[in-house]
Structures are given as structure tokens and as C-alpha cells.
Amino acid sequence: MIYKHFENCEIGEKVLSRARTITETDVVSFCYLTGNWLQLHSDAEFAKNTIIGERLVQGALVFSLIPGLFIISAPGIIVASYGIDKIRFLKPVKIGDTIHAESEIVEKQDKGDKGGVITQKIEVKNQKGETVQVCLWKMLISREA
Amino acid sequence: MIYKHFENCEIGEKVLSRARTITETDVVSFCYLTGNWLQLHSDAEFAKNTIIGERLVQGALVFSLIPGLFIISAPGIIVASYGIDKIRFLKPVKIGDTIHAESEIVEKQDKGDKGGVITQKIEVKNQKGETVQVCLWKMLISREA
Amino acid sequence: MIYKHFENCEIGEKVLSRARTITETDVVSFCYLTGNWLQLHSDAEFAKNTIIGERLVQGALVFSLIPGLFIISAPGIIVASYGIDKIRFLKPVKIGDTIHAESEIVEKQDKGDKGGVITQKIEVKNQKGETVQVCLWKMLISREA
Amino acid sequence: MIYKHFENCEIGEKVLSRARTITETDVVSFCYLTGNWLQLHSDAEFAKNTIIGERLVQGALVFSLIPGLFIISAPGIIVASYGIDKIRFLKPVKIGDTIHAESEIVEKQDKGDKGGVITQKIEVKNQKGETVQVCLWKMLISREA
Amino acid sequence: MIYKHFENCEIGEKVLSRARTITETDVVSFCYLTGNWLQLHSDAEFAKNTIIGERLVQGALVFSLIPGLFIISAPGIIVASYGIDKIRFLKPVKIGDTIHAESEIVEKQDKGDKGGVITQKIEVKNQKGETVQVCLWKMLISREA
Amino acid sequence: MIYKHFENCEIGEKVLSRARTITETDVVSFCYLTGNWLQLHSDAEFAKNTIIGERLVQGALVFSLIPGLFIISAPGIIVASYGIDKIRFLKPVKIGDTIHAESEIVEKQDKGDKGGVITQKIEVKNQKGETVQVCLWKMLISREA
């Protein structure tokens, strides 16, 4: 994620996030909030008979956790989330896995006075170092002065 | 969203979701779950001085609500969420707005015996009929027999 | 509710509970927990066009709150909740209403050594003193010695 | 539960719900929401010395989950929940059990223009097929035209 | 905690609270609410390499639970929480531990008509009887008449 | 709060936290988590007749929020929370107030190889700049090498 104004961001810059263990509480709370009770995530008997053999963590939950894993430190830097260009769910995340994220700036688009759009490639990895999810997140970043 | 097996899905098919009012409880619960306390969503004094003038609903929350807005009725249809090709945050969503979603099948990719990947264009609209978010969601759908 | 052993309970005894304001957070949290997003409770636009004109508090939420409104003081008194004989939703409860409950012992059934079943008539009232819900709750209560 | 207008409902019609695993998160969240911390549900040391030997899922939680286990698909069908005639807690539900519900229409009362009251017998069953809770739920259902 | 008016409280009076098992849901919910994701409480991989070897329950959570462990029975007795003089975290609390609290009145300060300040020493103990936390809590208590 | 190893901390160093609006959801969630339903925080009708005239935010909630308001950035710095020497609730916090915290190092105690105890004076302020709560928090901080 981004802690600097647009003109100070450079392509190739990387940031490593903190890690967090995904608990059953997180998975159930995401069912609560979204009202999505797909059996793959909420029915342990059903999940026993799938390829993975247990309930999976929702891909949209893993995606939603990304910004909070980074330290949101500098008020006024991120103006808005512009959009996401691609999300891919590469490997299953299970209850009890510990994930962190790694971001890299891959594109800068100058938008003049109001700043610019920074595209970051974000890889979410589990405790074994496997990439479980990847996305391209575009954010509008302000200028310094 | 998808209620039919791969071979029964047709390009152009549309589904309309139920509607749900986004409450302050939803916005705060999403801060809770994600640990993302970006001031735009959690600091009412800060938000007064932004262009919108009030706290915004998180884009990732609106995205996360989409599947739950549809009726998840047919166990065994959706095998897995494959990925998202594009998310765009088009208009701000405010606390108290009532959103629903409209999906349309825009692409089918046959994957043989295990089914196929269906791409849906999903538009999230507010109570005024304005499109606030759009995304392209790809899901692996099973065959009937 | 019951704070005494079976042999000390008398028909006609009444207990008054504490009061609690039902907030939007309670209503949304009950949607979360139950996965029941009936529009009457979760869609403010829909609710505007009903007879009441606003979202209603779920009857099952009001029912579920009853035991917690009383002080659960005496461990070992209540052995089990046996069942409920009747619940009637008499008046709508709205977000912001403050409710309390009044219980009265209406029946005792001796079950020998293991205690007995006490039936309580419980009336839930709002801040205007109107009865919004009534039920007959049967509990298995232990003996003193 | 009911997906049809009053005149189309027939006595004997049955509906099967989806299943859901009751997690520790659900039991604790119900303590949270209700403020009812009866030791049987919240104190693992106390529960070790009861007949069941572990914390029980609250009967009112199982009851509250019933409508959400069914697909609430048809807006405008259910006008209001009228009341419940009987709830019986037949077998203990434990953390980790997976429950579903089976409903059957057992009574119809015509109320003229505004529709009618449908009484459903609802049985909640666990993963072994044992009935853990039964109730008679009365709902006011609208007419088609 | 205090159930009597100021003039009826005596130094040396003790009250024993109910017990409650601290679940993973409680620990995660406290991370949610506070936005404090210190790895000691939220990262199971990190916690494996600490002296304790597993995630710890937050000290501030244990402290926050104290009043709710006692029965808050007598409306109008406690006017306000005045402050705390000392909190010490004596032993680690782990997920699954069952805690209760013991309070003792250790000081009375008469404040005239409006009542007085009662200082209580509160010890929180685990299921083995070990004191895990101790604090001195000062509360403003009303007079009877 | 502390982002540096013990030997780099200096008395008089100050850190300013982010701000956060305290919502009704936060107050109700703290009732949920703690099981403390003191009427001052949960009964709007009761609160109308108090000096403040509305429900108050719990002092223990404000205290619990402090660490999360600061950025917890440097893993391995804070070894443990040692204790709190004093908490004073100076002014009421109301639903809708926006609070932040200011910390200042006021004492260092060298504990040799394992680091040292840092005492911080922490003032919580509202949107008007009024100090609503003050505390002295002691933490065990590691050495750099």
C-alpha cells in the first residue's frame, strides 16, 4: 500500500504487510456481514465431501483484509480507491492459516493537479510462503503541494 | 448470480437481487473485520472536510455484499469463485443508501467435464437507480450430469 | 424469570426485568447472526411502503432478548429450558424503542426428585407501557436439597 | 417456509432448508446480542459437570436461525409473523453440529382479502438426522391478486 | 461490585462474580472493536515463537469484562465510574481459560449529599484459582435517601 | 505509544494518534462483548433523566481503544503490557464524538538485558480538544540488540 504522495512513488517499490491468522470467527463474521452462506464456507458436513475436505475462507474476505494488513499511516495520501483490474484466487485459504500481503507499484498515471493513479500488484501469501491471491489495485493518490 | 448448471446458462441472462440498506453498523463492522480504519470511513470530523462531506461506505464492502444479495439456492452449482476481471467504484455509497445488484452473463468458457467458467457483469445500483459499482466476476460452474 | 428452587416458587409471583433500548445495531446484528434478511427488517426503502412505514424489529429478536433482560443470578436453579407454549407478536417494535419484560408464574408441575416444570407468562412492554409480545415459557427448575 | 401466495399453499406441502454448522462464534455472538450468559452456554468448566458434559447451543438461537435457513425469495409473500404455538427443545445441540430444518404446512385459516394464516410444523434436525427442536409457526400470507 | 447505597457499604465486604470462558471469538472480537492487531493476540505463527507459545488474551479485554461478570442489579446505585488506581497483569490468560472476579471494598470517601467514592480491589482469577489480574476501581455511589 | 527500542526512547517524546468517531455500534458492541448493560449506556429512556441527558460511551471502551488508535508498526518492540497506574474519566464521551489520543513518555526503568519499562501519560481528547480521559500506561519494551 501507499504511504507517500504521488510524485514520491516509484515503480518497483515494495511494501510488506503485517500477518494475521484467519480464524473461524473471521469466516463466520463474514457470513454474518454479507449474508452469503454458501455451503463451502458455512456447512462443515458438506465441506467434508469437497476436494479440499474442509470449510474454505471466502476469497472476498481475503481480498477485503488487504488494506487493513498494511499500516494506514498518512492521512490525506489516499484520496480514493479507483478500482481493481484483476483478482485471482490461486490457492485455498483454510481456517487457521496466517496470511500477509506484499505490494509492488507497477504503474503510475499522472492526473495533473489532483495527483495520479497508482496501480499496485498485491500478492497475499500464507504461512508457507505460497501465493493464495493476487490482485491489481488502482488508487488515486494526492500530490504533496 | 448463477442458479443453473453450466450447459443451461445463456449469454445475456439477467438476474435481479434483493435490496439492502447499508447501515452505520455495516460500515463499522467492516472496519472491525478488516482492521482498515481509513479516516474516510471512520472519522466523521475528517469526512466533513472531504468533497462528499460525510463518511463513505467502503468499496470493498459493497463488493463483498454482492453474492449475498442474490439467493444462493442451488447447492452444487457454484464450484468455486475463479476471479474478478475488473471492479470500478463509480459513485460514492453513503450510510443509509439502499443497494441491489443486477447480473448478466457475458461470457461462457467450456472446461469440459468439470463444467465451465461463467463471466457475469454485475452492476450495483442505489435507491435512485444510479450504478455505484460494476465488476466482472468469473465463477466455475458445474455440469448437470 | 426464576431465582428460586422449585419448592419455593409460588403461582402468581412476578418479576420485573431491566430495560434496554433496541438499536439499529441490534436489528442488523440479528440479520447477521440468523442470515434472515427479510426486507421488512433490512430494506428501508421497502419498509417506507408498508403499513408501519419503517423497518421493524424482528419478533424472534425480541423473544431472544427476554432471558438476558432478567438477572441470571443463581447458578444451578434453571436446569433447562423445556419449551414455549405460545408466542404472540402483539404490536410492532421499532428501532429506538426501549423494552422490558414482566414475568409471572402461572403453573407448577412437580417432576419428583429432579425438580419441576415452571410455566411463566412473560409480557414484553415498550416505553409507553404497551404489551408488544407475550409468551408462555416452561423451564425445568431444580429442588433445593 | 412459504414461497407462495395464500391461495396456492396446500396442507401437507414440505420444504427442506439448507444446512449450517453451529460454531462457537454463533454461540458466543448470541450471548453477546442477548446479554444472557447462563453458565450452561458460556462457562466451559461448569458445563463439564453437567449431564451433557460440554457447553450447549442456546435453544432460542436454534429457533432464531430457522427462517434464515430457508431461502427468503419472494418479497411480498410473508406479511407478518403472527406467532408460535409451541416450541419444544427435544435434544441438545452442541458446538460443531450441523443443522437444517424441514417445514410442513399443517393448517390454513382464511382471513379474506388480506390473505390468511398458515401454520407450519418445523422440525430442526442435526447431521445424524435426529430432531432437536420442533415448533408450530403461524404466519400471515398475502393473496396473489 | 456494588449493590448497596453508599451508607450501607462496609470496608472488607466481598462479592464473587460468575465465571466465563474466554473464547477465540472474544479475542478476535476485541481486535475488531479496538483495531489493535498486536501480533501477540492475532498472529498464531508469531505467537508460537514467544515465551508463552500461543496467542494471549488482551489484558484490556480481561479488564473490560470485570463489571459484566458481576450482576448489575440495582439501578441508581452506581452513579459513575470515577477511575482506576492501578491495573497489574500478573499472569497470561489463554484462549479457553475460564475467569471470574472477586471484589473487596478497601476504601470509602464520603462526598456528602451526592454519595461517596468506593474503592474496590478486584482480583480476576482463572480456573486454577491463580490471580491473573488485579485492579483498584473507584466508583461514585449514591446515598439511599 | 512506542515505535522504538528501549534505548532509543526519550522522556518527553510525544506521539499523536489517528482519530475515530465513536458510533452507537461501538457502544452496543461493547455491551455485547462485556455483558455489562448498565442502564447509563444501554437504556435511552433512563439516560434522558440523568445529568448528561443521553447514553454515555463506556469509560472502559475509551480506554480499550487507545492502543489501536496508534499505528502498531514495529513488531517485536512491545514485549508486554505491564500495567496501568491510573485512569481518570474526566469528561463524558457521547455517541458521535470523535476521539484521538496523545502519548508522552514520562518515565523509563531499565530492566537490563530484557529491555525496560516505559511509562506513558496518555490523554484522550474529543473533537473540541477537551481531555476526556487520562491514564499512565506501563509497557515492557525490548532492546535493539
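By letter and in written order, the chains are A, B, C, D, E and F; residue numbering begins at 1 in each of them.
One rule holds in what follows: a residue touches a chain if its C-beta (ideal position, glycine included) is under 8 Å from a C-beta of that chain, and two chains touch if they have at least 3 such contacts.
What you are looking at is a predicted structure, and each value in this text was computed from that prediction instead of being measured.
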item: Subunit B to subunit F, fewest steps along touching chains; value: 1
item: Interface residue identity across copies subunit C, subunit F - same or different by half; value: different
item: D-E compared against E-F, more contacting pairs; value: E-F
item: Inter-centroid spacing, subunit D versus subunit C (mean Cα positions, whole Å); value: 16
item: Subunit B-subunit C separation of Cα centroids, rounded to whole Å; value: 37
item: Distance between the centres, which are taken as Cα means, of subunit F and subunit A, whole angstrom; value: 29
item: Numbers and ranges of subunit E residues touching at least 2 other chains; value: 18, 20, 24-26, 29, 32-33, 35, 37, 39, 46, 68, 72, 75
item: Subunit F partner contacts - residues on subunit D that touch it in the complex; value: 29, 31-33, 35, 37
item: In the complex, subunit E residues that touch subunit A; value: 24-25, 28-29, 32, 37, 39, 42-46, 55
item: Of all residues in subunit E, those that touch subunit D in their complex; value: 18-21, 23-26, 29, 68, 96, 98, 127
item: Complex contact set, residues of subunit C against subunit D; value: 20, 26, 29-30, 32-40, 46, 59-61, 63-65, 67-69, 72, 75, 78, 80-89
